[in-house]
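This is the structure, below, for whatever I ask next.
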Amino acid sequence: MSKLMTMTRAVERFVPDGCSVLMGAALESLIPFAAGHEIIRQRRKGLTLIGPISDILFDQLIGAGCVSRVVAAWVGNVSAGLAHSYRRAVESNTPHPIQIEDHSNFTLALGLLAGSLGAPFIPTKTLLGTDLLSGNPAFRLSSETGTGRPLAYVRAITPDIAILQVQRSDGDGHAHCWGNLGVSEEGGLASRGVILVAEEVVPSEVILSDPNRVLLPSSKVMAVVHEPWGAHPSPVQGFYGRDHRFYEEYHAASRTTEGFDRWLEAWVMDVKDRAAYITRVRKDRLDRLKPAQRRMAAPVDYGY
Amino acid sequence: MAARSINTQYTAQEVMVTAAARQIRDGELVFVGMRLPLLAFALAKRTHAPRAIGLFECGLMRDEPAPELLYTMSDPPNICGAIWSTRMINLMGMLQQGAVQIGIIGGAEVDRFGNVNTSYIGARGRPTVKLPGSGGAADIASLAGRLLVMMQHQRHRFKERVDYVTSPGFGEGGDWRERVGLPGGGPIAIITTLGMLSFDPETKEALLASYHPGVSPDEICRQTGWSLRVSPTIHETMPPTEEELALIRSYDPQGFWTRP
Amino acid sequence: MSKLMTMTRAVERFVPDGCSVLMGAALESLIPFAAGHEIIRQRRKGLTLIGPISDILFDQLIGAGCVSRVVAAWVGNVSAGLAHSYRRAVESNTPHPIQIEDHSNFTLALGLLAGSLGAPFIPTKTLLGTDLLSGNPAFRLSSETGTGRPLAYVRAITPDIAILQVQRSDGDGHAHCWGNLGVSEEGGLASRGVILVAEEVVPSEVILSDPNRVLLPSSKVMAVVHEPWGAHPSPVQGFYGRDHRFYEEYHAASRTTEGFDRWLEAWVMDVKDRAAYITRVRKDRLDRLKPAQRRMAAPVDYGY
Amino acid sequence: MAARSINTQYTAQEVMVTAAARQIRDGELVFVGMRLPLLAFALAKRTHAPRAIGLFECGLMRDEPAPELLYTMSDPPNICGAIWSTRMINLMGMLQQGAVQIGIIGGAEVDRFGNVNTSYIGARGRPTVKLPGSGGAADIASLAGRLLVMMQHQRHRFKERVDYVTSPGFGEGGDWRERVGLPGGGPIAIITTLGMLSFDPETKEALLASYHPGVSPDEICRQTGWSLRVSPTIHETMPPTEEELALIRSYDPQGFWTRP
């Protein structure tokens, strides 16, 4: 049956206060900003944010006061530098204190992989001797039987919900996603449920014509939200490029609490949905992000 | 990084990119960080290491640098022409297998034994500055065969001991890496805006190996927060050739990364 | 540089006596029979065969005397029943005794996944209490810290060489593969090297036009062998179906040692290469296996 | 399995497929073995469980049975129309997560507590018969919420204790599964060519629950290698309806699996 619904409804139903949310699983692309902004508009509280890096989205949610805990390898602004709201929360408890569970990209991915396998942990040699391991509940120090060589056991990470941006989906949650995948696959599988945010909603035949490109099983999908430009200012391969200037502008605006509040008012609180946001970004600006050229994948024949 | 023109011909960042590129050998798998490391990989590919292959933690492998400047490794031009677009775990797995010969990262703070901090300045509980964190840098530093660290050389960033070890160098020196169980070889050089530091093969302490044109060893020592020992083989860093400069500028025409 | 070479050369260079070889990684499809037959012709000895199930290929290599050890979850004839040569080797040491390391499909996959991650093992709850775990070097019994619940640690499996059949590859070893993947990806990554057997060799642009469909990194690939019908009688999606009758015929023929030897003479020793094999199978028989209908995957645009 | 026609209207295999299909609930994830289990899934989909989803260990998920008879789960018709074509480990991971409600396997030997042997008959070191092994069956038996075992009912296959436990039932009975740490619920039924066995909720011993039309409970006990206890609720197995038979035969027109 169709799982299509509005972003408002999807966030209302599947992102309650205090839940843990995986976002930004692909890294700098396919970041579900539309979902993050709706979470802010619905004034969620006490969320645990989970993600390898988070190119300003986590900073916005932290600044808006939605977050009590961050499980991540990196929180900042990839092209512009530090994350000001994140700094204020950690350095001066503004708007309120947050807990941090530090990871590296590899250990976050291993934790999600363990979750996707239903395994309690996966052992690794990365981070041995670093301060990331010390007093971190995400890890347990052990050693290899026989050799006695040290190992770090990375505990399984199982988010309540993963919000994944994809290029196209059908109404049941069969979706195609391409470009760098980061931890999208294991992250979705490790989560109790998945919200798909799709640039395009297409008939099932389109998706099922290429089952190898399907991102994850529809049985995991709770909601499918049709949200064109849902990842702006991050890129979506084949649909739009990265709006680098937007990251610079956010970086400058969020330098002070007041500046951040004004930015949030203008770009989130004062726009009722993604359609209104797109209007605010302005068509000519979005047009410049559209592909200059199509680059089609070679045909594939599943025939028999 | 703050702009710092050594002379009118090239910037400190251009010297750094050139020095880093020269450490990449042909045919090697290179785990590439963003910004200057990415340019170093592109430069090496176009000069002495045409068969080097780049790994990007977002889930990409490339044997050709992207045709245009990247602001992030997930920018669309980095996907097209990739030889593999996959899950991060596959590339990190190759790194842990020992298949990646060299990795290049940046840092905010570094210490006498090449340990890098990109997490907390001041106390972890209540830091004066919260930095973004590891990303994949700590994994590259833990697992790559050789490591290059690229840093802005300022006294407050070059500390006797970093406040927090994010990306491991040689810990407390000597055989620390073997003791804690890190498989990677650790840093071979810290390439800075002023010069290059290498490591004593025994003690693993950082030594001043070269100074960039127009910079004096004394100035570098003044900008270093511990009494920096000087390598017996200290020399001037070989500046970028015209060809190298042309290539760097063809990748970064606006100087977004190299003429800040 | 091009890694294209003949199957003869690839087996000579990369499948020495005594090495461990992963084959049949996709399960019942994409089984590299052409490679297996060349291994038999070159009279390899002391091989360790690794694979989840092996639809008669392992049986043929065992009967031919190439094998000293089998690491597998299942060895038989999927549509026809038991594997006669495998039975003879285990039950009556004919042609000589072999060692068996028993796995389930999941534990074999976990062992290869651990190998692909450079991890020493991965913990699991499958097989607890079964005889598969008892006295099996592939596993170590442990328990979860805290809960004390039992766990089986599956040791990493790292084959010397993986032989993978794919639909198409370029000369450098960038390859596209579609259909059920089984353990092809983690198996190739866990191995020290990979031999690709391709139905088609195509220009690099074809493969690189769709980097998400690339099976594994070319840096792992030692050889690319262009071998049409290389997987017959197993199926290759989009190229040919499964020759069910061939499995029945092999099953009947291999019931006795003499029958097996006659079969081996006729289908392997007496044919100098795959081209000769195809001629022997006969064109009309192969034509009946060709797709009746093309079923094209939906277009994908990587443009920017 | 050897052909064994209970009467002229349908075969034992057709009764088995029908009985297994009726155990699948609508909307469930079903881990499907080859041969008769595959037909049971297809039948359930077409009758009372249209929203059931099938998982195949080769790396496939389907919400529609394949349009034609499969000899193996990797046959091309099983890929086209799949809702996911992926790596085996992803499906096995879902199984270990506890997401799969029911699994169906076959076996060569079974014992009083539902343990299945598909590995070694006789001593493991020098067996009289080497069977193919587990495949994915032992994983399904270890991890699925409920398990169905489909067997040819012959005295030499129904043993007090199997020679080798490949796919775990209830081990030595009682709380054995909890003790050894198996998360799955274990077998709910052994569906045979003669009848159906269920399990005592306390002792976990197999009980005769139903006998197929034309078969007597006595015959079943004679064909069982231990003194088979009879369930207080024993009854005749409900035979296939005309609709069920028509559907089974539309999938297996030649009777490759169901009229051997």
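Letters A, B, C and D mark the chains in the order given here, with residues in each chain numbered from 1 onward.
The rule is short, and it goes like this: a contact is a pair of C-beta atoms (placed from the backbone, for glycine too) under 8 Å apart; a residue touches a chain by one contact, two chains touch by 3 or more.
Worth saying up front: this structure is predicted, and the values here are computed from it rather than measured.
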Query raised in the report: Suppose you hop from chain A to any chain it touches, then on again the same way; how many hops at least until you reach chain C?
Result: 1
Query raised in the report: Can you give the whole-Å distance between the Cα centres of chain B and chain D?
Result: 58
Query raised in the report: Hey, how far is the Cα centre of chain A from the one of chain B, in Å?
Result: 27
Query raised in the report: Hey, how far is the Cα centre of chain B from the one of chain C, in Å?
Result: 41
Report summary line: Shared-interface residues of chain C (touching two or more other chains) are 110, 117-119, 124-125, 151, 178-179, 181, 185, 212, 235, 237, 241, 291, 295, 302-304
Report summary line: In chain D, the residues touching two or more other chains are 60, 76, 79-80, 85-86, 89, 92, 95-96, 143
Query raised in the report: Touching pairs of chains, which are they?
Result: A-B, A-C, A-D, B-C, C-D
Report task. State the interface residues of chain B toward chain C in the complex, per the touch definition above. Result -> 29, 53, 60-61, 63, 76-77, 79-86, 89-90, 92-99, 143
Query raised in the report: Which chain A residues qualify as touching chain B in the complex?
Result: 26-29, 52-53, 55, 72-76, 78-79, 82-83, 86-87, 90-91, 102-107, 109-110, 113, 124-132, 149-151, 178-186, 234-235, 237, 241-242, 244, 247, 291, 295
Query - Touch list for chain C against partner chain A, complex - result: 110, 117-125, 140, 144-145, 151, 176, 178-179, 181, 202, 206-207, 209-210, 212-213, 235, 237-238, 241, 291-304
Query - Complex contact set, residues of chain C against chain B - result: 116-119, 174, 185, 189, 208, 211-212, 214, 216-219, 302-304
Report summary line: In their shared complex, chain A is touched by residues of chain B numbered 34, 56-60, 71-76, 78-80, 85-89, 92, 95-96, 119, 124, 126-139, 142-143, 164-168, 171, 176-177, 179-183
